[in-house]
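Listed below are the structures to be examined.
Shared between the two complexes below is chain A, which pairs with chain B and chain C, respectively.
Up next, the complex of A and B:
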């Protein structure tokens, strides 16, 4: 455990999470969510849970982003609220 | 055809990298028992490689490589491999997925190693087929620009 790396990563995680729910443009929201998943994968690996980090990187940052963007291409791309 | 799909650089890079992504996916599947990875992760990476190909070369071109009928066949084949391995263990007198019960080789540990790999391959095939069919079902029709913002 490298605590300064942990603190930095968790700080970026919180920033990404708040940005993802507060931003109006949905495409930016998806990209930030993808960055959130990538940081989460780094945190998992740093906590010696390589298997979970692997799944997070492959599913969270990879497939989910593609599926969200494909969904976005069929809809408007702006949040109503 | 969107602007990104016409780019020579992107098309060439995708054509070169897709085989390596698929090779890495096979590595992840086969080393799932001894290291990080496994059937699910490997299947997702393999599916992502084909999704990348379909995204850049167009949905119609992707469906030529991976048709809906092939998707259905692969998804059910993986399930059959998994279930058949588990049921074979029951037939030879063990519990479901108790690999050492199958008298395939003299050493039970050796049998267990090979059957775990077989189960991982089954999981991987199903996951890759389901991921690709999810993408094909969700993605917009060919006339609209596809993945243009990415």
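Up next, the complex of A and C:
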């Protein structure tokens, strides 16, 4: 475990989580959630958990984002809070 | 004093995991928008995954892939990280995606029915449709229902 990379990535993780829940535009929020998943995949590969890392990169950052955007296309893209 | 600092430094992964979990929990409870609630649930789930993966990491360990396989000489002195939590989390990621898909399908259905994904708007529309749904209307009695 490379601790300086670990701390940097965990810091970005918290920033992305706070940004994803506080932005009013839902499309931006979903894209930030996708970036969050990708950073999480980097943290896991760096902690020697390679299989979980690439599953998260494919499923968490890929399919989840597609599902969210498909939902957004059928509903409204603006949040009140 | 140095004992406390040692705990903070040595286990910073766990502090981050608790922080992320609380961010997700806050979004699930306090946000009115349904998609924001699902995003909060996703953050909550990945925080728990981070806890399990941090748990399985071993200092000086390498990825749990057999060294010296394929007929080569077996290396006995290699330290591997614990692969059991990895397998658990691999399953949990798939379950998380299924949960998200079901939640989003329900959100589309709710939007078709009520024309909004804001929780307070949906509750107001529901009170209008069924006055007995609201506790306030139930207390006011028949007069409120009769006026509808």
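Just so we're on the same page, the second predicted complex is superposed on the first by the 81 of 81 C-alpha atoms of A that agree within 3 Å, B and C clash if a C-alpha of one lies under 4 Å from a C-alpha of the other, contacts with A are read in each partner's own complex, and residues count from 1 in each chain.
Here is the rule we go by: a contact is a pair of C-beta atoms (placed from the backbone, for glycine too) under 8 Å apart; a residue touches a chain by one contact, two chains touch by 3 or more.
Keep in mind the model is a prediction, meaning the values are calculated, not measured.
In the superposition on chain A, contact is made by A:14 with chain C only, not with chain B.
Between chain B and chain C, it is C that contacts the larger number of residues in chain A.
Within the superposed three-chain model, A:55 lies in touch with chain B and with chain C [touch as defined at top].
By the touch criterion defined above, A:76 lies against chain C but remains apart from chain B after alignment on the C-alpha atoms of chain A. Touch criterion met: A:66 reaches chain B, while chain C stays clear of it. Of the two partner chains placed around the shared chain by superposition, chain B is the only one that A:27 touches, whereas chain C remains out of contact. Applying the stated contact rule after C-alpha superposition, one finds that A:6 touches chain C and leaves chain B untouched. Once the two complexes are laid over each other on the shared chain, residue contacts for A:44 go to chain C alone; chain B is not touched. Judged by the document's definition of touching, chain A residues 50-51, 55, 59, 63, 67, 70-71, 74 lie at the interface with chain B and also at the interface with chain C.
On the chain A side of its complex with chain C, the touching residues are 1, 6-7, 10, 13-14, 17-18, 20-21, 26, 29-30, 33, 36-37, 40, 43-44, 47-52, 55-56, 59-60, 63-64, 67-68, 70-72, 74-76, 79-81. Of all residues in chain A, those touching chain B in their complex are 27, 50-51, 54-55, 58-59, 62-63, 66-67, 69-71, 73-74. Touching chain A in their complex are the following residues of chain C: 12-13, 16, 19-20, 23-24, 26-27, 30-33, 35-36, 38-40, 42-43, 46, 49-50, 53-54, 56-57, 59, 61-65, 81, 86, 89-90, 93-94, 96-97, 100-101, 104, 107-108, 111, 116-118.
Considering their complex, residues 28, 36-38, 40-41, 44-45, 47-48, 51, 55, 131, 134-135, 138-140, 144-150 of chain B touch chain A.
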